[in-house]
Amino acid sequence: MEEVAQNIETQEYFINMGPQHPSTHGVLRLMLTLDGEIIKKVQPHLGYIHRSIEKMCEKDSYQQVVHLTDRMDYLGCHINNEAVCLTVEKGLELEVPDRVKVIRTIISELTRLSSHQLWWGVMGMDLGAITTFLYGFRDREMITDIFEETCGARLTMNYNVPGGLMFDIHPNFQNRTKQFLEHFKKKLPEYDKLLTGNVIFTERTKGIGYLSKEDAISYGVTGPSARASGFSCDVRKKNPYSAYDRVDFKEILFTEGDCFARYQARIAEMWESMKIIEQLIDNIPEGEYKAKTKAVIKLPPGEYYQRVETPRGELGVYIISDNKKNPYRVKFRSPGFSNLSALDKMARGFKIADLVAIMSTLDLVIPDIDR
Amino acid sequence: MTNEDLKQKILTIVPSADFTDPVYEFLNVTILPADLRKLAEQLNSDPDLSFDYMFCLTGVDWVTHMMVVYHLYSTKNDHTVVMKVKIDDRGNPEVETLCDIWKTAEFHEREAYDLFGIKFLNHPDLRRIFLEDDWVGYPMRKDYVDEVNIVEL
Amino acid sequence: MGFSIYDFSDFINNIHAFLIETFSPAIGNIIGMAIVAVCFLGFIALLGLSLVYIERKVCALFQQRLGPMRVGKWGTAQTVADIIKLIFKEPLMTKDSDKFLFNLAPFIVMIAPVMAISLIPFASGLQAVDFDIGIFFIVAVSSIGVTGILLAGWSSNNKYSLIGAMRSGAQIVSYELSVILSLLTIVVLSGSLQLSVIVESQREGWWIFRGHIPAIIAFIIFIVASTAESNRGPFDMAEAESEITAGFHTEYSGIKFAYFFLAEYVNMFIIAAVGATIFFGGWMPLHIGNIEFFNNAMDLIPPVIWFFMKVSAIIFLLMWFKWTFPRLRIDQMLTLEWKYLLPLNIMNILLMSLVVLTDFHF
């Protein structure tokens, strides 16, 4: 067989996956070099949704910058907002009230849950199990309803402002969150039943898209994708912000580094998120929901860097201030951008169907990559 | 290592390193492009330093000069350093690539090239990453004027 | 003309005799054929409409939602609206595509199920053609469909389509073996390839019960392999929406796309009908040995209803697969066929032969 295979003249060919493709989930374009169905090379072409948010930030006041960040990683928008607010507060050396910290943490974790729910649904859909998509959205709806009640928006929330929150939580917030947790604790094992234990699913994901710990670090892969390779990079543990230093949760680490490990890492992370919310939801301290800030915020000259853990990985906000009301330079180190750079490394030698699985487990959000 | 130890260690590698930037959270070290490769290689390979994770790379246009900022972290020793390369030739900034040391630099350098026009020498695939290949100018520079796409209020 | 819901043979024969008496035998035969053709076309159209609706409702059931509810009562007119939309849609074509083959492909895909459906015995006497090599004929014509899929993929001038077509070719050619062998297992038992004879031979009990272990294994293999042969999930690699957009029919739109769609559903019906006929006695009511009382009670339900009940059950099973399982990868799917199903199948035939030789069946 080998001899025959060698004597047949084959030709590599290119195929454009995207910018319109069902499983790139947005306008990502991948140029694949293929030999039959086997991937020889993946070249991502970005920028189809590049809006130069960083340039826009240079013209905006700090309060306005917060709103732009919603448009990057729209599934983790609260955490993006929080990152900017934390950076500005760091620059102002402003201590926000305890109440704010706890509420921010709860909402962050709810955001993470809703993002992972969507990811789970989409992951199943990418592998051909369309039902998971509807299940993920069904449960995500409860979280968006909670958000809607508290801050009026379902997707781009803008709930944070430098110094605190835009308004206090809705009186129903705690009750509904608890209801949701009760509901979702029953549903998450159902997720496991539908995908995790399925033979086809494990065959499709185990051993696929291996990423070693060294490569994960070198490529700057972060978030659950990196923790599945054993790279301990949870900012919530390494550099606790908001109320993460007072809650008890595990950093999920796996060592397999394949698609299945990345899948498991996210499922386990959902349990941890629920644990965090449970610890805080009954202990929201009384107090102000916003620290006193001036109407025009001017950061003292200098450079401020804040890292937060979004559902996709480490988001860094780098603000350089020159004592004006708008920043001199803002850089968003988006997790998706670095995660994507490892795609070529992970996908080589696998098949087109595997590439879809790998992209799914990287949980790419294109506006987050393109900014 | 503490910031002070780091400072001493870096000074032994690059005696001309400049530490005048104030330390807010991370140690800032400013060097010249000529020293970049030497320092980067040492930062990565020296077991005491072993900065293996580059979590941010970006350009900054300081109008008088161009700057590339590298945020480095060591997962083994748990310390952070911010390495800044000051490039005096703002019109045509050039600096050596680091993407053979930290793979993540490949995409980030392409981004800096795209938006700031900083050329990374020996980069394997230096093309624009976000903008079209025939885009004129580098949008993140402070003197970039685009009357069509940027609306001034 | 005596009409009985339990046995159509008299009714059909009377019509036949009437036609031949009224016109000359040649013209009478031709008119008879035309009537059968019109009936089948109507049936296929109805089948397509209802199966698409059922698929949506079943899918909605599994996904905990309502499915189409707006057009007509409970959304029953939804598929009609869809068909109207598809008819009025512009038939697009890619640049430099092979126009002749591109237009031909949907028809070839459609021919296979239409030919196969003529063999299905819906009830006693209600069967268009009754060849003595019935199963052989069904298996033979159903493989024509793959030609259409290959042509569609090739002529579209689209790499995704080509990949999809190639996958489909590999898939259908391999899984056909399993389908044939699993059907042969029952043929060994019943001793005939003629569908009406196979149905009749199950008067004392369906083969899946009487053939016990080897028959059940054969049925499982049949269901898996025929799901794969009809390109349905979890074996829908040829379409694999999330990988190769829509595979071989990426470039088709409007009514040509509807043909592919219709062919898929009619194929599903044929699979279910063949499965029901071979394993579950077709229109034969549930009989247990010589228990007269029970058998007579079962006979009260008309055979047509029995047939469609069995077919619906198998169709529901196929839909259940599709909406629950993730998709396999092409190499895994071929591994499943060549390394597991095929050897198992051959062993199963040997086992069945032993069972038949030793008369170790009920």
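First chain written, first letter: the chains are A, B and C, and each begins at residue 1.
Assume a contact is a pair of C-beta atoms (placed from the backbone, for glycine too) under 8 Å apart; a residue touches a chain by one contact, two chains touch by 3 or more.
This is a predicted model, so every value here is computed, not measured.
Chain-to-chain contact here is organised linearly: an open path runs through the chains from one end to the other. In terms of Cα centroid distance from the overall Cα mean, chain A ranks first. As a whole-number value, the distance joining the C-alpha centres of subunit A and subunit B reads 25 Å. Subunit B and subunit C have Cα centroids separated by 64 Å. The centroid of the Cα atoms in subunit A and the matching centroid in subunit C are 45 Å apart. Subunit A meets subunit C in the complex at residues 13, 15, 21-23, 37, 124-131, 134-135, 138, 194-195, 198, 200-201, 203-204, 351-354, 356.
By the touch criterion stated above, subunit B contacts subunit A in their complex at residues 21-22, 24-26, 28, 52-56, 58, 60-61, 69, 71, 75, 78, 82, 102-104, 106-108, 111, 115, 128-132, 139-140, 150, 152-153.
Considering their complex, residues 59, 62-65, 159-160, 163, 233-234, 236-237, 240-245, 323-332 of subunit C touch subunit A. The touching residues of subunit A, when paired with subunit B in their complex, are 46-47, 50, 52, 54-55, 59, 90, 214-215, 217-220, 222, 231-233, 238, 302-305, 307, 314, 316, 318, 320, 329, 331, 333, 337-338, 340-342, 345, 370.
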